[in-house]
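Next, two complexes with chain A in common: one pairs it with chain B, the other with chain C.
What follows is the complex of A and B.
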């Protein structure tokens, strides 16, 4: 019976969601019956009032003496988003690993993939439970907003459920058939079920993203928020595509980090060399996927931000130049910590092979460059000073360090940090290999030339456009800088592939020969990712300021004010601790005896 | 509960604590702007109108976000004199005849004249400024009047706008410096 509990919980959660939503479709749901309910204020638009965004007053929001409505919604939303990222990300990771296992004909990949889909099963249940919780608190505390959104997005809600059912069906098949479809065509069919699972999961995310981005950049409605009838226009609003891409990539990075943490913990708990080797390898592979996805993430972020600016200059400036500017300093610190941890893990990995010693002298130079880039990245532009400090400094900006606070300097720093992290990876990859092709020295020279030219070009673009061109073109360097970084990474990888084709091993390569402290770098990455996701979720919602739906539906509740960054950090920290505790619970649950449902 | 688990948990909590303390102690405690409230301001005469205009300029109108020393948009200290020059320019596409009309027109149609160097990237003839009389900013006619009055005072010319500001909706005109933390 116990093994059926997660499945039963999921069915229960699905029924609750259907029940909650079916209530919203009933005409009487918001009819204002009873003392506790309220109707939309009398200031509503005259003609076509049914579909116009309602104008609310404080009395239109149900009060609660038990919880602060916004904090309750915030916490429920964040929990659901973390778990959703987990269950969207891990299957992507699992399918990739399963496919690699098929291609390489290596059982270890299959074992790792299975281990993780097993972990996901409990996470799916918690995702559904937090989803129900989120839906309930939204309808309880923001009924008019939900009614307005449903009046536009009702058809997509059905689509959401359709994908939800498909995803669950695919998940159950994928998990249950793992050991039956183990070879030949059966294995390929199994992989296809995994791909279907991911497609359904990604489609769910895209549908939900449409609702979220509509609230930020409404489309398909007139100036009063009246729906014009074209639901595709509402879905395909300005921020939908960039948000889809950004979240998709971020999920891969996050999934990798979660898997990495699991492996790190199991590594630390391992009692045999064989176990240590397995979990070391698992941690490395997960970290590779995670950092591989982290590299293009800032570029997806640029696109999202550029679209925010394109949609509303005011919203863009509020985000980057207003009160939230300091939030990006925090973001820089965390991403800097992520990169430092990722580099540190790779440097520790050099100890797995005898050949790794050849590259250890270079670590200090890479560390220096990453640290310098990190410092530039979190240098603030505007300093908050006391009057005497400002007078001593001669203004709000530091005379020498002030320019480093500008976006062009930060873009330059982050691109250089990416390239040096890539260099760490390149050294790690070739640590235990000796090239046998005759042109290897020329290939390496070409790589060095590409790398150096890329750095020079990135610095030139940043300095020229940032400080010697018209203000309008200040951030124009970001796209060619990104292109340079991507070109250098791809070109060096291609050359690397051919240089080390058929390479000899420099010595014995031992998985598991890693210092324990290296595993803490993986924990740092996971915790930082989780915390950062929470913080960025705050700013994404907060740039709407006092609007439920930007510019068409105002938030008139007592919680309409924008919380400070410090307050948001406290909420995010509490949420992170609860989430991480639940993740540990999931790991424990899936690791105990008898948890292997597939057998 | 073994020792290793506790070590990992303590390490994770320490990271979270470090980020929280950094955000709370290192980052300046800037209070975001108050949400606009529907508050009646009984502004009396020209001075009341100018005072309201300043609040709208720095608050709801979001003008000061760009029109500041950072150089994202031109400064407006001497806009009345500049307006007369711009109306006479061959690049001017609007229909204003006076400086007051020019400002009123610019608030609703910012691309009627784009100051060189301040257009959209790659399109110097289009202003990145939104129409502040609609959308997210949505200034009322009285608020537009008050902003013009404020800019006239800023330029040191006579205030010609005669809008009556008594009892109007000044959504968002409350200054960001208002301490709202206590109320929370």
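What follows is the complex of A and C.
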């Protein structure tokens, strides 16, 4: 019976969601269909305006003496989103790893993939539970908003449930058939089930993204919010595709980091050398996927932000130049910490092999460049000044540091940080190898030339187009900067592959020979990702300010104000702590009886 | 002679701290304490990470500290360190607490977000699409454009330069009496970042027209709607960009 509990919980969760979305739930908001029903608080319905967005008053929001409605919805939404990211991200990672295992014919990959889909089962249950909680508080505290959104998106809600059922069916098949479909065509069929699981999961996210982005950049409605009948227009609003891409890539990075954390947890609690070696290898592979997915993420982020600016200058400036700009400084600090942690993990990894010692002297130079980039990355334009400092500087900008606060400097810094992190990886990769091809010195010189030219180009693009050209090119120059970074990385990797083809080993390579402190770097990466998702998710949602649906449906509740930065950061931080505690609980639960592939 | 790791750590951190203090001591342009704190956290963390990246290096870094705590031969030094450390901490805490009534550091949005629409001069404006109607003369009629800029300069020196300065550097006669100081228009980090519609909104509505978001508003800029005509405001804006050699921000999508 016990093994059926997660499945039963999910079915129960689905029933509750259907109940919540049906119009029999919370009748106060949904009573009285027909003309005028969308105009609240006794206002007369203007002729022909029966489907426009409701104009609410404070009395239209159910009060609660137990919780602050906004905080309750915020926390429930955040928990659900984190778990949703977990269960969308990890299967992507698992299928990639299973596919690598099939191609490489390496049992270790299959074992790792299985181990992690097992861990995900508990997370699926928690995702469903938090999803129900989120739905309930949303309908309970914001019934009229939900009614309005449902009036537009009702068909997509049924689509959501359809994908939900498909995803669950695929998940159960994927997990239960793992050991039965181990070889030949059966294994390929199993991989296909995994791909179907991911397609359904991604489709769920895309549907939910449509609702979320509609609230930011409404489309398919007129100026009063009246739905024009084209649901595709509402779904395919300005921010839908940028958000889909950004979340998809971020999910891969997040999935890798979660798996990495699990591996670090198990590494630290391992008692045998064999276990240590396995979880060390798992942590390394997971981190590789995670950081690899992190590289193109700035592209997606630029696109999303550019679309926000293009849709509404007001939202754009609120986001990056107004009150939320300070949260971007916190974001910069966390991303910098993430890069440092990733580098540190690679530096520690040099100790796995005898040949790694050759590269340890270079660590300090890489660290210097990462630190300098990091400093530029988080230097704010508008400074936090004491009165005597403001008086000495004659304003809120620093005469020497001011230019570092602008986006071109940030873009330049983050690209250089990416390149030097890649250099750490390159050194790690060649640590235990000795090239045997005769042209190896020329190949390395070509790599050095590409790397140097890329840095020069990134700096030139940032300085010239950022400070000496028309502002119209300023944001646009970030794209060739990232393209330069990606080109340099790919070109160096291709040359690296040929230089070290058939290379000799410099010494014994031992998985598991890692200092324990390196594992905390992996935890730091996961916590950084989680925190970032919470903070930037808040910023993205909050730039609507006092609108439920931007410029169409006003928020008239007592909570229709932007909380202070400190308050928002506290809510997100408490959420992060609760979520990470639950993740550790999941890890503990999964490892309790042993997650051995052979059991 | 090679310095011990712990000494290297102390010297690196100390030198960088000194360098960060240099602009304030020698040039009168201090790096704010809030920023130095952030920088130093990063520096300390980075140096620690580098020095603990191998087991040998980690051992070398912490060996003196471990010896100080564990080695019976160092009892005398240990006692001194254990006595002096709390005293130093107490001295720092006293120094921080005794500063008394210093107002806290200020967190302020320099570029508050404009509203999507505004009303002025008896009609509505859509700020997202608003353009300077005189800007097209720059290409179409250079002579007329120069005359607009000259008129803008005259309006500026009759109304704005008292605070924003005759060099447009934010150092006018009254600037020193205002907090926050008036913005400089020179350089690449103020009006060069903004569209003309944004500057128009800030001039016309001034401090009183700032949005509640990011408030309480902190700007001594007057609202010029009742004192300058719409055309005069656009002329001043032409002058601001022309004099400083900046171009107004444009939106790529519209090009």
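Details
Operating definition for what follows: the second predicted complex is superposed on the first by the 566 of 599 C-alpha atoms of A that agree within 3 Å, B and C clash if a C-alpha of one lies under 4 Å from a C-alpha of the other, contacts with A are read in each partner's own complex, and residues count from 1 in each chain.
The definition used in the following text is that contacts are C-beta pairs under 8 Å (C-beta built on N, C-alpha and C of every residue); 3 or more make two chains touch, one makes a residue touch a chain.
Note that this is a predicted model, so its numbers are computed, not measured.
When both complexes are overlaid on chain A, the residue A:545 reaches chain B and chain C alike. Of the two partner chains, chain B is the only one that A:523 touches; chain C does not reach it. Of the two partner chains placed by superposition, chain B and chain C are both touched by A:312. When both complexes are overlaid on chain A, the residue A:447 reaches neither chain B nor chain C.
In the superposition on chain A, A:340 makes contact with chain C only, while chain B stays out of contact range. When the two complexes are overlaid on their common chain A, residue A:348 makes contact with chain C while staying clear of chain B. Of the two partner chains placed around the shared chain by superposition, chain C is the only one that A:375 touches, whereas chain B remains out of contact. Once chain A of one complex is fitted onto chain A of the other, the partner contacts of A:367 are limited to chain C, with no touch recorded for chain B. In the superposition on chain A, A:321 makes contact with both chain B and chain C. For chain A, the partner touching the most residues, choosing from chain B and chain C, is C. Comparing the two complexes, residues 312-315, 317-318, 321-323, 326, 333, 384, 470-472, 476, 545, 551, 561-562, 565 of chain A contact chain B in one case and chain C in the other. Interface of chain B with chain A (complex): residues 4, 8-9, 11-13, 15-17, 19-20, 22-24, 27-36, 62, 65-66, 70-72, 117-121, 128-130, 134-138, 180-181, 184. On chain A, the positions that touch chain B within their shared complex are 223, 265, 268-269, 312-315, 317-318, 321-323, 326-327, 329-330, 333-334, 384, 470-473, 476, 520, 523-524, 527-528, 531, 535, 542, 545-547, 550-551, 554-555, 560-566, 568-570, 573, 576-577, 580, 584.
Residues of chain C touching chain A in their complex: 23-24, 28-35, 38-39, 42-43, 45-47, 49-50, 52-55, 58, 102-116, 127-128, 170-171, 175, 179-181, 183-184, 187-189, 192-193, 195, 198, 212-214, 247-253, 255. Across the complex, chain A meets chain C through its residues 309-310, 312-315, 317-318, 321-323, 325-326, 333, 336, 340, 343-344, 347-348, 350-351, 360, 363-364, 367, 370-371, 374-375, 378-387, 389-390, 392-403, 405-406, 467, 470-472, 475-476, 515, 517, 545, 551, 561-562, 565.
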